[in-house]
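First chain A sits with chain B, and in the next complex the same chain sits with chain C.
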Partner chain A sequence: MYNIIKKYTKPEALAKNAVVRVIGDRGSGKTAYMASLARWPNADTTSPVQSVIPIGEAGEDLITKAQNILEQGLQLEQTAMQHDAINVQDYTLKITLKGQFSWKNPQVGISQLVDISISCKDYSGEFFSDLLQQSSSLQLRNYLEDCLQATGIMLLVDGNSNRKDLEYTNSIDKFVTGLDRTDRDLNSRRIALVLTKCEQPELWVNHHNSSFLAHARFPQLCQRLKTWQQMGGGQVDYFTASAFGMLGNRYPEPNVTIISRDRGGISAVIKDPKRWRPFGLVAPIYWLCTGDRHKELDKG
Partner chain B sequence: MSLSLPSSMIEIHEFSTGILSQKTADGGWVSLGFTGQYMNVTVENIPEAIERSIVNREFAVAEGASRDNPAVIGRVIKGGDDTWSVMAVVSRGRDEKGRSASMYRYFFCHGEHSLKDIINWWESKRRPVFNPLETKNTRQSHLFNTASISATEPQAEALALPMYKSEPMLLRPEQQYDLRTIHTLANRKINSHNKGELVSWAFNVEALEKPWRFQVIQAASTPAYEILKRTISNTPQIVAPVVIDEAALKSAIRGLMNSSQVKLEFVKVIVDALNNNQIPTEYWHTLFDAEGAKTAITQNFYSPAMIKLVTLRAIVIPETLLEYISWLNIKPDKKPDENQTIALKFQQEIREEFPKEKLADGIKSLLPKLCNLPPQITPKSVCWILTYRASAWILCSQEIINDISSDLRLINTYHSQTGSYHYSNSGTHTSDSPKFPVNELKCYTELWISLINHWRNLGNNYKKLKKYKPLAQLLEKLYQRSNSSRACELSAFFYQVSDGKVPRKLYNKINQLQESHYSPQIFELRLEPDVSLVESIVSFFLKGEIVPLNLVATLIIAMSIIMFFSGFLLGSEMDFPFLWHQKSEDTSKSQEKSGNQIAEEKAIRTAIHDGNFNKTTKEGVERIINDVKNNVPGSTKKEIIQTINNVLKVDMDNANVDHQGEDRRKAEAIYKFQSDNALKQDGYLRDETIEELERRVEEKIN
Partner chain C sequence: MGNIRIIGPRNSGKTTYLAALAYQPNKDKRKHKYLQVQALNDDTRLLADKAESIILQGASLEPSITHFRTIYDMPVYSFNIEIKHFLRKENIMLVVRDYPGEIFDDLENGTSNKLSKEFIDECLAQDVSGCLILLSEWKHGTDKSYSRILDQFIQLINRADRGKDLRLAVVMGKCERGELWPGRLDPEIDLFDIHLPETKSILKRGILHTNLHFYASSTFGVLGRNDPRPNRIEEWGTDGRNSVLREPERWRPYGLLSPLYWLSTGKKMGFDI
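This part shows the complex of A and B:
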């Protein structure tokens, strides 16, 4: 009995990890998401996230990008499309957070701290917008084989690009069928659909209700993901996030200056870098690692 | 490419970053995304050396640093027998969302001395930059008559610049020189240093990813000058050797750590690099640390990728093996935990590809630490890593035994050929004898310094080299696992060196091996058996020594008591050995039965009269069946039971468990197994006995 108690209350942090591929349209905010997560600026002391530590050279590159470009109120460059997926930067982040009780992962709840770590490749947007359409391309096969290593897929969609719902559905359809045909071992995966740039007022008002917001903005995409889940491909869940966050608490406004807006969504830079505090970035990663939603993280 | 061109004609090819583009109303263009391929390529195949150089970021300007006024980068690249002169023109492009990106247009030409011709041609064509609207195909290379341009002298002022510094020559923005001058400066710089470098320069740049890979850099602006200056002064201590395809090596490491299935081509890239003597250990450290090895160790961070990374590091950099063992928290008596299982599976998958000597180097780095006072690692741990069936280092266990043996032979030969010799810690020898051939030693010199110094006094009982006892214990364990007679001899040798006596079992075995009627010798060192108190007393009698009366009286009483109790316990089966010192094989066998037999009988009786014996045995067998089934896919219950029976040499089938005689046979067999493997001897099938038996069964089935 003593041993059982000891086993479940051991002081060291519990470790959970996931191998992730971040996919999504060009300009959906994939690199900004990763850079913002690695930088973790102006951390909220009440947040369950204790620390975010980038591991290795690639992780440090993210911090440099965040400091030299985002914090200067500039726009990140486009992520170049690599010919071979092996050359895509692989970011490793270790995130330490307070545990929460859950019936699915009881030991996670009793342990005081949980270490979640991700090894995450930030694919260039062209993978999602162009390459997936070229079904016989060797390059596509190379990328899909690289995706087989992943236990989780983070599909980032600019929440303001709802007019591209059909195009996204088409791409994700190609993606899941391509993955299915490449994977001999029939591994089950988790796909987190993350609506980004949710600091925009029309998204912000519903950002706590992420599933509702995703279904309302991208009904066809959500339907296709649901079908994939029903056919046993894996699990799907919905999240909202903003890499740049809000300014103010009682009368919040987006901490962004919009540069352009079209049917593909918005592109923007940080308005006030000193008050830069992103939201919703860790929740999808926690879910990809544990299969469980973290209530405190969901609060943003 | 054209076959016969006049000598003054050169053919310049080009290719550009591949994008999808859209023409804008003002006649310009915006990018609609990268294609991941090159476009406007005027050659069938872009030379691989050029592609690798690009992948290695040797032309890369740092993100956010390309400017509207193009930067130009020139470089000579060698690949196999070919040499290429390559010039990249980097300008800033934008996509439809307003985001910028660096767009590259590369021009190249065969040969080492064509960079200035490319400059001349480029300037004569009014400096073309990246332009997606200007399409090119494979027939549209540029022919250029080098004689058409009259030679212009480089700017004289620049030629007065000092060339002695080995770091890149960084030019201030106010020192604006033209491309030809920059090229000449780079040429002069490599000639003055003559280190086999190839020309490389950067013109009008804001920031470079690898500024230390250039001879001359012209900064585009004052802030750029400051940034570049800072980057150059912070140049990593260890940069990639020029001969290395760093990107390929990094990809291979990443590919191995992040993939669930091992791709052997990645392992091959690493093994090839390992065989390249130009790569120093420090560089390997920077490669592994760049992926997070150091952080993983200091922060106790265990993800499957990190475990694989640190495992790979322990193989590639043998000196890190000790750190690896303690990081993985290896406990030889316990079953591998989740992290260790990942590490072992990975080791098993890659081990065959690595040279055995490299693996042996890791173990050799542990030996001095094993023999340190106090030891930094236990013989049990080293034995585990050398004999655990999934361990990579199992492949080199024989190599280690051979190398230790070879070193001892070398030391012995040296001492038999020369007079007295003293090897000091500083590596200098202090007598007139020839220098000890340190380079011929296969293990680390520090391991053998004491041995070399005291070799001639090893037989004297007053000089015991205690530090070698862990080595003796390690070799004894290796002998038990592998039954290697050489390990047995070496173990006995080091027991003699450290304790002045050799455990009885080893002693008897060597006696058997050497078939001598005298005390066995190894490297001219006479072995002395470990003698128990009773045995030494008996030997006194038989040698007719005069002993005090009170001692005789005590002995007689002690012997009577022992005889009485042993007779009581064993009845007529008792067989006392008295004549061990004659060293015949028969007597040595009977000695083994001596006091041990009493303990054995006692343990077996306790075991079989204990109501739990059957249950424990049954559970033990079931546990082994389950574990082996899990660990060795495809093994059947029948096969496992059969193998258990073979190892223990008794029928352990559960159907017959109730019979009294059966119980005794089983307990005896288990006891024998425990005693042969230096386990706790109680006749029960539990704990470490199960683990050891499991290991044996798995080995046999495999």
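This part shows the complex of A and C:
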């Protein structure tokens, strides 16, 4: 009896895991996303996220990037393309957060903590923009084999690059067909489409309505993902995020200085590193792990 | 809430309109206790800084097109507007882009060049909640030309599948002009029916009535409640004649916010500001 009471009243942190691959065009902000997540600067006490702890050498490396490059107001270098997917750095992060009850995960109590461990590979943008076009290349096969281990795919897209909708659709089309062909066990997986750089005003006005925003700005890409979902490939959901976030509470404005804008989106650096507070970074990861949208995390 | 685009012919005062919106509240604290405007990004603050020299000293605003060669160089203005209603406060966020007049004028001959097409695509994107069409002329022949342009525009709207949900606010600008000022109270009948009848009927035919509204606005305003002389004089500026405020301390623009408020929220404001 005592054990039963203990089981329900003194919750131990529940563990959830996911293996994730982060893909996306050059400059979509993949490494900035990961570095910002690992650094988790200026944590908000009201946020359900209790802590983010990077594990191992690769994780330390992310923190270094965040501190020495992003916090100095500098731009990250392009992630180099590795010949073999094995050599791509595998970041491990442990995220502790307050769970939320849902019928999908009835064992998660309201105040119970959930530990999410993700192991995450951040592919070079070249994978998405070039390699996927070379359908017979061995290197691509090698990368796709590597992707099979993943239960979740995070597709990062710069929300300002809506003119490249067609190119993205083309790449994701190659990606999901390639994955289907390589996967003999027909595992189902989740794809989170994350619009990054949503601190920009045109995206920020609709950032609470991520599905609408994704469909409005990338109609063809969303259509392709929907088809993939309907064919039984897995689940798709939509998220908005910003690695740099907003400044101020009452009249929030983007905490970035824009360096350039073009067809491929914007490139920017942090304006005020002391008030660096990203948003939306954990929500897609929670969803990839549990299949649930976390309401508190979605609030920003 | 959503994105708004401002289109209109050259010299219709699109950028001045936004400059006034960005600048006016700092200027006029006493009268606009019920309205507070806050600039939310660098582009907007830059515009507010320029506003002073534009509206008070008559520095001419260069036509927007000379600043950029591609759509990506265009500034995005973003405002937070706090409106105090009778008992409650309402905050809305406006994200606005004003288009170079050339884009509007090009529509008359059908858009063929790449830049115009990009602008129009961007203007009719799904996450744009409405367009503000700012008109200011009614010379002989302009009604014909406006109606041809708007006819084209309506076709483009339908082709982009926005016929059902894109709001259009058609605004007669520079309403401090004596012959227009009394018509501001019912712009649909007293301004558009009289000065731009064909344009109005084309719009009425092509756009759902719930998505179409007519407004009057004046960036400079008049001198006072009982003194309807325009608060504007022409001065010789650096390059030709430009309008400036006649009496800056009596500056009270008219109808700047109402169309933007409706485009953004779909609700009408009880009063015109």
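Everything that follows uses one rule, which is that the second predicted complex is superposed on the first by the 288 of 300 C-alpha atoms of A that agree within 3 Å, B and C clash if a C-alpha of one lies under 4 Å from a C-alpha of the other, contacts with A are read in each partner's own complex, and residues count from 1 in each chain.
Just so it is clear, contacts are C-beta pairs under 8 Å (C-beta built on N, C-alpha and C of every residue); 3 or more make two chains touch, one makes a residue touch a chain.
Note that the structure is a prediction, hence the values are computed from the model and not measured.
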With both structures lined up on chain A, is it a clash or a fit for chain B and chain C? fit
In the overlay, work out which of chain B or chain C sits against more residues of chain A. B
Vertex chain A, arms to chain B and chain C (CA centres, degrees, nearest 10): 170
For A:Leu131, decide between first (touching chain B), second (touching chain C), both and neither. first
Partner chain(s) touched by A:Tyr251 [first = chain B, second = chain C, both, neither]: second
Once the shared chain is lined up, is A:Ile55 touching chain B (first), chain C (second), both, or neither of them? first
On the overlay, how many Å separate the closest CA atoms of chain B and chain C? 14
Both chain B and chain C touch chain A at residues 262
In the complex with chain A, residue positions of chain B that touch it: 17, 20, 31, 33-37, 55, 63-64, 95-102, 247, 251, 254-255, 258-260, 289-292, 295-296, 299, 301-306
Mind pulling up the chain A residues that touch chain B in the complex? 15, 17, 19, 26-27, 53, 55-57, 59, 65, 68-69, 74-78, 80-83, 86-87, 90, 92, 94, 115, 117, 119, 124-126, 129-131, 139, 149, 259-260, 262, 264, 267
In the complex, the residues of chain A that touch chain C are 162-163, 200-202, 204-206, 212-213, 215-217, 219, 251-254, 261-263
Residues of chain C touching chain A in their complex? 1-3, 38, 40-41, 70, 72-73, 76, 78, 80, 93, 95, 118, 125-127
